[in-house]
Amino acid sequence: MNSTETETTFVTTIASTLALAMRADEHVIVLGEDVAEGGPYTATAGLSEEFGRERVRNTPISEGAVCGAAIGAAQAGLRPVVEIMYIDFITLALDQLVNQAAKAHFMSGGQLSVPLVLRTQGGASGRGAAQHSQSLEAWLTHIPGLKVVMPSCAADAAGLLLSAIADPNPVVFIENKSLYFKREQVPSAPESLPIGQARVRRSGNDLTIIATSRMVSESLRAAERLAGEGVDAEVIDLRTLLPLDTDAIGRSVSRTGRAVVAHEAVRIGGFGAELTAQIQELAFDFLLAPIQRVGAPFTPVPLSPPLEDAYRTGADDVYAAARFAIEWDQPESSPFASGSFPAGAAGS
Amino acid sequence: MTQLDNDRLIWIYTQMLRIREFEERVKRTFEEHPGVIRGHTHLADGAEASIVGSLATLKPGDQLMATYRCHGYPIALGTDTKKMMAEIYGRRDGLCGGYGGSMHLVDPSVGFLGASGIVGQSIPQATGAAYAAQIRKQGQVVLNFFGDGASKQGAFAESLNLASLWKLPIVYIMENNNYNVATRSEQEDANAAAGEPLSVKAKAYSMPGVTIDGTDPLAVYDVVEAAVARARAGEGPTLIESKVYRLSAHGNLIAPPGVPLHYPEHEAIAVFGNREEYDAALRGDPVPRFRMRLVDDGTLSSDRADAIAAEVTDEMQAAVDFGLASPFPDPERALDFVYA
Amino acid sequence: MSHEVPYIGAIMEAISLEMARDESVLYYGQDVAPNDDHDLVKAFGRDRIRVSPISETAEIGMAVGAALSGMRPVVELLMAEFMLVAMNQVVNEAPRLRYMSGGQVKVPLVLKAGFGFTAGWSGQHTGTIYGMFTGVPGLKVVVPSTAADAKGLMTTAIRDDNPVIYLHNYLLTLEHGDVPDGEYLVPFGQAAIRRQGGDVTIVAIGWEVGLALKAAEQLASEGIQAEVIDPRTLAPLDLDTILTSVEKTGRLVLVDQATRHGSFSSRIAADVAEYGFSSLKAPIKQVTALDATIPYSEPMEAFLLPDEAKIAKAVHQVLGSTPVAA
Amino acid sequence: MDEARLLLQTMWRIRVFEERVAQLKRTMQVHGLVHLSIGGEGVAAAVCGQLRDDDAVYSSHRAHGHAIAKGVPLPAMMAELMGRADGLCRGLGGSMHLVDKRHGLLGATGVVGGNLPLAVGDALAARLSGSDRVTVVFFGDGAVQAGHFHESVNLAALWKLPLIFVCENNGLAEFTSRAEHSPVERVIDVVAPYGFQRELADGSDVLAVRSAFGAFLEQARDGGGPFLLECLTHRRRGHYEGDAQQYRDERAELEWAQRDPLTRFQADALEQNWVDTQTVAEIETAARAAVEEAVKFAKASPFPTPELAAELVYA
């Protein structure tokens, strides 16, 4: 383990880790819109100065071609780290990612590989409205051949980014803009963290909270509040969504018998559904209460501040879900509406 | 006009013939061995001159990517036709172990980085391969083949702009066979509708655009060679419209399981009732035409030509036999190669 | 009165009837009626029946624009996976505009695409990707499994004021079925119970409905009565019908042609695990495609996909004989 | 002449509105990503000033000017930017997603070039409905490198749609100069292969833009099209408010400041005696008053209730 730590931010850590990887391997290149200028969030600041504008390339606003070019470059032996400025824009590169990157190794019978990292960021904050705030990771977890990483803190981000760059597969590395500028302790010489390993951020015996990205810190806050009420909650930070660390999840829920899964994406069709489906198979005989899912309501992200605040999931939602799971004893009418399709959706 | 020595000329003819015969055998498999080929195959008969004329300009280390109509390129690059046929038959000894099939042939060992089954989507990937070549600085060039339909995909525009902007060592070869499946170019392309050559699209990216007769391998060679030289010299990409005529239908019949697959009549006849157009194309078939030319100018004796034809027939018969003899993969292997 | 037509014919019947009923209905796409003696062209003319370039982004974006100004376009996309090259229009434009405009505009359009062509079409044309659309607020997703539903759901889709993803399974294309004559609508959000049974609930989607019914017959011969439910529309999803059935049977098997991880059946499993917790007597079992790209070679393809035997096995598992742990 | 007064009124309303928005953004009263067009008012005024309510305008993420020039009421617009219930879009859209159907503003988009295919469809609908209405789509030079630009241009040209592409080429795509995005400097050259009529205009010369667009509009009304008008404009402010703008070139700044379309046209108008100094003063005062009215209206408007979010997901 690293002895020395420095205080820095998530976004600075991304830049310094990219620099680390580029120094270690000349095949690592960075491309994306404005990356040579540091990008809108400074996640690539300083790279073009150190490594030049050939290895750190500004691209036109051509997400499809840029992602495709990164795939081609990867198949031809480079290790591209491509940045898609907002995960909302991954829609413009989805064919390249799903139909090309994820399948090349398979369809070529193992001849090709695509050592590609696609960095992007999502999440609702800063009133970005419906086209700059989404959490679309659930799609990507449905694609065999992709790996999907969602770090919740700078230290993990450093270690996972190093692994992602070293990985022979296409890895989608999803950051959350609202984590970018928090100050955190980070190892001054980060080492790679294995992809596919969840981490217990708080151990407990009464309830398991499984969270991703921003919802990890929210869940820890909820856990503290629960602790004050004598409920001892375990908080698992998934860190990787695909491959999924089912052992860690199964072990914990089999012990606690109660589970809450929490993410920022919409509840309907969110990744929490996969987690719930997995848990009820892994730990059915141990379950003391229905698994609770915390996710955003089934609407696009609204702009208006009170609406966006209401839309964003947080510690209170996790707390409420946990209480529901804890207090569950007899079959009762479940909070049905929360899971069903919005009014008027049934159509004509 | 470049002077190619006789051996090279005969090599070109032989490759054209090998491609033609291989694809004839693919086509015949639907009749002779019903059910052996599944899914969708697409033939390049009529484009052999364009394919071989282009590939004749490559040096070892150069690379190419293509669209799903992709049998011809690996054949000319020297991929084992036995493995190719076995792949199209879905067998264990196939080029891709039975994972890919006709639309997804790949053979990196000869520089064939593969094809995409989605129209236009290999264009950005080939562009990326050229980007890698530029960084590697070993003078490699990438050829990218696609159809006229692909030029209406956003990926085409985005990629050509990028390649021209970054002066990437790539040559884009648009094989214009005038049909998107059953739609004629003038029904879906503003340039075609205006009676312009599709190479004018190059203007939008300030790169040279040339239109050539894709049925004459030497004409193709000259133009592609110049474009390849330009790319090697670091002067950037070129768009070449190679006009060919697809002598078979777009692909075999698209039908759910149970319905026997076969090649329907060419769309010119089946959809537009235009037999004259199709017959004219048949009369201009580049393969016999090139043989005649080589025999006429004494490059190739008709005996030698017949001998070559016999060898090619044997090779492809062997490919079919090998494919049929090869066992199916173990079903459990279906979970391999999801990750590297 | 009804008549027999193939599944695909039933779809075209609905489109044609709606075009006759409402002149704002358009139908265009790649290779749609390239020549003029096509019946639709004869009936409705070249303005409303159009062949378009291979430009999915433009084709779908255009439909959005045409819908915003009062048309009801039906876009022929051939294969669902081709939507991946135009996902921004499908996800970021069509279903968002009404919302972001505070309800001023509506976007009535139908994106018609085949899917799940697991017949040797290899890795890029066989995907079952409806799960990707069901997580998108504003989109509706329709997956008919019979000729009658194919017609009724298409009619409803065209009349719906929202963007509707209409997905027809290629393996069903030529399956004949009885279809009601004339105007026929099937409401969204109403599942169909294809077979009654009290021992176990099987929810199957699209092509899998037929497999589930065959498996159910086999199980019946062993004295196991399976109830088979066809959701018909995935968004909106008729969760009530599924939960009511699970209340009765206490056991649920989900059959889905999509790969397991992050699939739509996982979403159903999650809902039932939560809201049907007290009724469940056994873990919910999913019979899906295994998590890999669909391979070309037949034996490998078959190995990945659900079949009657796998469905029957899962039913036995939830009935408690064999251990379940994944 | 009235025309001149109208142009000045519109430009002043845009200028004052956006300067006020910049202040409100700094004090966190306007929310979300805000892109200003200060320095580009001339194009909006000259183009939209000639349109009817039933002509559709599809705008980009930099939409305030187009909206104001198309006749969108300032109070509802300001309320939208402040996320209030009485906003154009009831607080759900914000600056990047302004829509005012009544005045033919069919929408801004937050995805570069995402509006282009939509405009093609709108023009197709116009053609099918037999009306003589025209579709106008605004976009920046950054959108030209997006694939859907070419897909859309091909379709518009192929189907000869009554669509006028108006490119505001400010030489900067987001944060980097056009030279880093394309080897082709002028957008009129990018569409050269499609062979339809195209014009290059100095975006700081309001009358030049007005006459070039007017000529296209006339033909489009008679069923002609498509057309492309490229206006060389200048973005006086960052890509978005808060952008550090390290990519600026001082000299160009100065030069452009002198070519500000508003001051430039105002000087001409006075010189030509189309307006007198008093009228000019009145126009500016009126604009400031109208904007303050709008701010007052917006601040008085309540925030929407959370229920609204679920209400509008489906029609």
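Each chain gets a letter, A, B, C and D, in the order it is written, and its residues are counted from 1.
By definition in this document, a contact is a pair of C-beta atoms (placed from the backbone, for glycine too) under 8 Å apart; a residue touches a chain by one contact, two chains touch by 3 or more.
Computed from a predicted model, the values in this text were never measured in an experiment.
Asks: Can you tell me the least number of steps between chain B and chain D, where a step is a move to a chain it touches?
Replies: The fewest steps needed to get from chain B to chain D is 1.
Asks: With chain centres set to the mean of the C-alpha atoms, which chain is at the far end from chain A?
Replies: Centre of mass proxy via C-alpha means gives B as farthest from chain A.
Asks: Which chain pair racks up the highest number of C-beta contacts?
Replies: Ranked by contacting C-beta pairs, first place goes to A-C.
Asks: Taking the mean of the C-alpha atoms as each chain's centre, how many Å separate chain C from chain D?
Replies: For chain C versus chain D, the centre distance works out to 41 Å.
Asks: Taking each chain's centre as its mean C-alpha position, how far apart are chain B and chain C in Å?
Replies: 36
Asks: So what's the Cα centroid distance for chain A and chain C, whole Å?
Replies: The computed centroid separation for chain A versus chain C comes out at 29 Å.
Asks: Scan chain C for residues touching two or more other chains and write them down.
Replies: 52-53, 55, 57, 81, 84-85, 88, 92, 99-100, 122-124, 137-138, 140, 161-162, 291-293, 295-296
Asks: I need the residues of chain A touching at least two other chains; which ones are they?
Replies: 60, 62, 64-65, 88-89, 92, 95, 99, 106-107, 129-131, 144-145, 298-300, 302, 342, 345, 347 - these are the residues of chain A that touch more than one other chain.
Asks: Where in chain B do residues touch two or more of the other chains?
Replies: Expected reply: 94, 96-100, 104, 116-118, 121, 152-155, 158, 161, 165, 188-189, 338.
Asks: Work through the pairs of chains, note which ones touch, and then classify the graph as line, ring, star, complete or other.
Replies: Shape = complete; every chain linked to every other.
Asks: Can you list the chain C residues touching chain B in their complex?
Replies: 30-31, 34-35, 51-55, 57, 81-82, 84-85, 119-125, 170-174, 290-293, 295-304
Asks: Applying the document's contact rule, which stretches of chain C touch chain D when the two form their complex?
Replies: Touch list, chain C to chain D: 26, 47-48, 52-53, 55, 57-58, 60-71, 73, 88-89, 92-93, 97-108, 137-138, 140, 161-162.
Asks: Would you mind writing out the residues of chain D in touch with chain B in their complex?
Replies: 145-151, 153-155, 157-158, 180-184, 189-195
Asks: Enumerate the contact residues on chain B facing chain C in the complex.
Replies: Its residues touching chain C are 37-40, 87, 90-92, 94, 96-101, 103-104, 116-121, 149-150, 152-155, 180-184, 187-189, 255-257, 259, 271-272, 328-335, 338.
Asks: Provide the residue numbers of chain D that touch chain C in the complex, in ascending order.
Replies: 56, 58, 87-93, 97, 99-101, 106-107, 109-111, 114, 116-126, 128-129, 147-148, 151-152, 154-155, 158, 311-315
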